[in-house]
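Every chain is named by a letter (A, B, C and D) in the order it is written, and numbering of its residues begins at 1.
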Amino acid sequence: MIAQGHPRSIGKHVPRREDPYLLRGEGRFLDDIAEPKDTLFLSFAMSPHAHARILAIRTDAASALPGVVAVYTAEDMARFVKPIRTVIEIQGYRASSRMVLAQDEVRFVGEHVAVVVAEDPYIAQDAAELIEVDYEPLPAAVRLEEADSESAPLVHEDIPRNVMFEAAFASPDFQAAFESAEMIVSETFRTGRVAGVPLEPRGCLALLDHVADSLLFYTSTQIPHLARTALSEILDFPEPRIRVVTPEVGGGFGTKAQFYTEEVVTAALALNLRRPIKWVQDRREELLTSIHARDHIYRLEAAIDGEGRIKALRTDLTTNAGAYSSYPFGCTLEATGGARMIVGPYDIRNYAFHTRAIATHTCPSGAYRGVAQPSCFMAIEGLMDRIGRKLGIDPATVRQRNLIRSEQLPYTNVLGVRYDTGSYEECLRRALERVDYWNFRKRQAEARDDDEVLRGIGICCFTEVAGAGSGGWRVRGLTKVPGFDSASIKVEPTGKVTLLVSQAAAGQGHLTTFAQVLADYLGVKVEDVFVSEGDTATAPYGTNTFASRGAVAAGGAVIKAAQSLRQKIARIAAFLLDVDVERVELTESKAIDKENPEKSVDFRQVAQIAYSMTSVALPQGESFGLEVVEMYDPPLATWPNAVHAVVVAVDRRTAKVSIEKYVVVHDSGRLINPMIVDGQIHGGIVQGIGEALMEQIVYDEDGQMLNANLLDYLMPMALDVPQIDISHIETPSIDALGGFKGVGEGGVIGAVPAVTNAVADALARTGANINRLPLRPSYLLREMRRRQLAVDGDRK
Amino acid sequence: MNFAGEHLIRSPKHAVWDAINDPDVLRDAIPGCQELHKKSDTEFDAVVQVKVGPLKAKFKGSVRLEDIQQPHRCAIVGEGQGGVAGFAKGNAQVELIESQGATLIRYNVHAAIGGKLAQIGSRVVQGVATRLTLQFFENLVARIEPGDAGEPGPV
Amino acid sequence: MSQATSLRKTDVTLTINGKSYTRQVEPRRLLVDFIRHDVGLKATHIGCEHGVCGACTVRIDGRTARSCLHFAVAVQGAEIETLEGLSADGRLAGLQKAFHDAHGLQCGYCTPGVLLTAEEFLSENPEPSEQEIRAALSNNLCRCTGYVNIVKAIANAARDRDKTTADPAGESRK
Amino acid sequence: MKPAPFEFRAPVSLDGVLEEMREHGEAARILAGGQSLVPLMNLRMLQPSVLVSINHCKELSYIRAEEDGLVCGALARQWDVEHDQVAIQRCPLLVQALHHVGARSNRNRGTVCGSLAHADPLAELPAVALALDADMIAASSTGRRVVPAREFFVGALENSLRPDEILEAVRFPYAPTGSRSCFIELGNRNHGFAIAGVALEVTFGEDGRCRRARLAVMGGENIAKRASDTEVALAGSIIDEAAAREAGRLTASLVDVAGDFHADAAYRRELVAVLVERALIQVASGAAGRARSI
């Protein structure tokens, strides 16, 4: 319950307090931290083969290079490091463990085979190139389409047909409903493998405190607490003597929400050599070894009625897990996510899925922004358009007929998941209006067949899983992911407020948004609140930052802590104001007597009493200090929803796509800072535009990556981005404290399907069937020509 | 990377076949070949220095003749470790067809590169692989045809 | 530093933000590493080391340049400027305020390079169109903002800058 | 990635540079702007043992309007040439192409000669040099020689300079008065490496017919190529839509293209045809850069 009468901070465009030092270039990112003089630097030798047996490793030339201190292989590391094992308690999952350096066998190009420790990063790389490795190349399972066949080479001996995870589901009367429907519409969708590519590659710095024999570990991460626990288990080193500190992070997007082998090696070697160790990744390594995502095949079948309503939907999903199950989310997150989230905002009562994560000799996959949702919504929203084309009903109308209606909310979907509130119909209605949908359709119908430019419009209606609590992670088998987050509030003796949260931002503006929440729920001026996070020595334990959970989980924890601390402050203030506690109201860092507001005491005066620093003693029974820590476990998940509508123009001769109009109507429940929410949506949309039009990690049939550089892994630049028109609907969550729903991933989830559908719509006239990403001009022209050849063939 | 082509050699089929199996001929034909030692009738150890403008990579590996159907058809398979740059392998299916006393040599090449060369230079290296293949067969032709064929024309 | 590498080291003196620094480094020492690690000015960031992302943008003799594509030894005698220098003497105040007000940054890793690129662009194009701003930014990679608010911030800075620097004779406008 | 070690030389005179190249030749590389060279060194694809910087050779830093063409010295920065009044007036194709060369900060430091000597298959300046029959002035300690563009570019990243030679300067012939030119390229992204590109200059006669067309095309794994047959076909004709389309088709059949994951061969060939057609239409419609006599 918000402090009444308090000038609200939540909902305001509060400029970010992070900006001033970042704009002066004073933000300290990982490699900016001044490392001690005796710091040693790491460089890894990487496998050039996708699959090979390691016959011999000769490190003498490398070790002999002046400036090199040591060279380690897997055997050396095994003495003091255990393999990383991703535990996922879900039926159908086969765990695989991974040594921090490849042992006996390399399983993807770029896998680390040895590590050099040297006095200078340049020398470390010189030495890494002197390491000679004799490989016996072995056949590699690379193409997802073939990796689970009988004859496919095995990535792990103990995982038959490379099926690392498999699960199926069918709602009670699915089969009957599927067979009774009038018509089946089916399609296969193939999404391209992409990577998060944060502008700051990964890196870490391990420092030893000899006296306390403890480890101070800086790492560019989104999961400081989870990383600390993992380090302790893998190094067998007491968790209380590990302190993980998150520096400024130059973008994460999920890429840094994994725990990587290099972090283990850096910490282990610091402990072993008793010297500070620093490792900074370069871009080539980052593209080769940071997690990839979205390498998926969807086969959808929808049983529909004459009106275009989906009576029953069947999803067959295959995801590429890569060589190992990444830590902590593993290879099941995309496979379960894609299969479970695809029903989205649609009232689909009969649903069945069969989903699998297949191991291949490629870089491990992991949780990149949106986690499977951009792909699964590309599939379902592509199917909605095809239903429309088959029945001659406009795709917007098909969606209107399938959407869950507001009067059905709260709604429990076919997988038993509860959508508490939402604005599915209203978002679609407003998006169609703002994109001037029906006039566009009119103009499109009048367009001539020989126009040089083909225009199309694409829609994506979606829900986004966000703010998942412990229930949400357990249901996915991810028992190592706690689900709760926490906040510690201290009103200091001087009356200022210290807020510590279990998060680790990478540009989301946490220091500003959590101060806004605390200001409203504690009745303190926002400028009196000082937020800090990311340091496990100060911030309380929590699940940290990924999957659009910050606002919901940590926001909720701040509210819970504020509500409990308010009582104590009000009691002490009532004592000072000599009034009944019900008459006390906290506002603007003051406690006022509601009945005569000019009578008040400020937080400083209350704090002085609480810290026993005045002549007046604390009232009987009151404890000292003004400090509280609260853990908050959000509901199973919150469900922001949105509609993206996009108009594209495709040059018929060059098949180059340009985005002419981009409209978003978004509902993230109650918005804390709309300016920051819009920034998250902009960034997500542009990553989605990249994923749809140009981004792809390319492996050849031998498992060689062909674009581990930014000239060949194309991402959108300023000239590729349209004007983006965002409008908000605020339907607060009734399950999550504060009514927040989260927004981190909505942008990318909506953009991939909407842009793909727009291009497919533009080319539908040419008969091209656009169902795979990315939509490079070469692919689009080939599809246009394929049908034209067929047409020419018929005409001859 | 796959590419194909053919060349007419003004000498009889058996002479072309012998040449393809002769290490001295292969050493002259393979562009940048510095060493070629016979390990067996069908396998040779090789050191090849590939130079593309500023890029230089030395490949140590082997050249093997496989699926030999004398004197009609065989596969010339080359594999080399380029140390840090990565590795390269090529498989040239070669077919000899008699035509009026001369021989048409038809080839279908599949080449693949691995390691850093593939990750960074794939765009440039592809053109290089095509050109080196053409050069190989042109050198082969020049080496086999009797002297009166004169200087090989400007490339 | 170990004895071996010192054989190949030479004394390199660079003028950075008006101050002269002499360090003993190898000829291969990249300018960005000299600035960041040998001198300790950490505002200039590394994003790719192959000249694509723009995070390492500095100014050499008054013009923007990618400091990952230069060797320190080869730019001796030149005037190097980094965000720290331009920010200290207030030249970027207008841009910095515009970026703050328009939420033109999120993680801040690309921001130094973007600010230097924008400053050079605005000093030569006082009244740019949005498309011209996008073209000027078309080689500074940002993965967080989707460029929307960066373009808005630069447009706002141009508008405000126009008011302050426009003199009646209009020389300032090209 | 950090570059491999090398010895560094920074002679202050051209003779000093030529002396270094004579001594080290094969093992040495010239460092001018470094915008093409240093990325390859940082990625350790290229590990010269000696790097000869010409940045301290003031005598090589010039843009001279000479009798028969604009001469850019080895240190002429791309940005300076792009804003040189004579270049703008009399070599419009060169200036149009320079707009596409990398980012502003690349062009501030990158040199025209450096880009030409590097000879990347998808670089714009080699296509312009070929189209305009530019002359490359190669210098070595034993003397100078003029290498016409068509003999200078051998292949991807390969020019015909001897190991002890440097590209001292390049001469771009002036565009004939009344000629019009344009440079078009297209990539998978709106700025960055192209998939195909066209450098075109057309001189029109009084009757509006094409008196001479100079056309070079880049598009595949090999260096840019002059489309001489198309030039012959265009000579004397009115450049209308049909002629432009036919010229595009003819040029596409001349160019050897190869596919890769960015674009398959068929697409590259079709793109060359479309870009040539659109360049011709743009030049014919007068929308192109017009060469003015001073």
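Here is the rule we go by: a contact is a pair of C-beta atoms (placed from the backbone, for glycine too) under 8 Å apart; a residue touches a chain by one contact, two chains touch by 3 or more.
Please read all numbers here as calculations on a predicted model, not as lab measurements.
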item: Chains linked by the largest number of contacting C-beta pairs; value: A-C
item: Gap in Å, rounded to a whole number, between the CA centres of chain D and chain C; value: 28
item: Rounded Å distance, chain B centre to chain D centre (Cα mean); value: 32
item: Centroid spacing, where centroids are CA-atom means, of chain A and chain B in whole angstrom; value: 49
item: Rounded Å distance between chain A and chain D, as computed from the means of their C-alpha atoms; value: 44
item: Shared-contact residues (touching 2 or more other chains) in chain C; value: 26, 28, 49-50, 52, 135, 138-140
item: For chain B, residues contacting two or more additional chains; value: 84, 116, 120, 122-123
item: Where chain A touches two or more other chains at once, by residue number; value: 122, 129, 282, 284, 706-707, 709, 711-712, 716-717, 719
item: Listing of all chain pairs that touch each other, if any do; value: A-B, A-C, A-D, B-D, C-D
item: Residue numbers on chain A that touch chain C, as the complex places them; value: 15-16, 18-20, 22-29, 31-32, 34, 65-67, 119-120, 122-123, 196-201, 248-251, 253, 282-283, 506-509, 675-676, 678-679, 682-687, 709-711, 715-719, 721, 724, 747
item: Chain D residues within the chain B interface of the complex; value: 29, 37, 40, 43-48, 118-122, 155-159, 193, 220-222, 258, 260-262
item: Of all residues in chain A, those that touch chain D in their complex; value: 121-122, 125-126, 129, 282, 284, 653-656, 693-694, 696, 698, 706-707, 709, 711-712, 714, 716-717, 719-720, 776-778, 781-782, 785
item: Of chain B, residues touching chain A in the complex; value: 83-84, 86-87, 112-116, 118-120, 122-123
item: Partner chain A, residues of chain C touching it in the complex; value: 1-5, 26, 28-29, 36, 40, 42-50, 52-53, 55, 82-84, 87, 92, 96, 99-101, 103, 105-112, 115, 133-135, 137-151
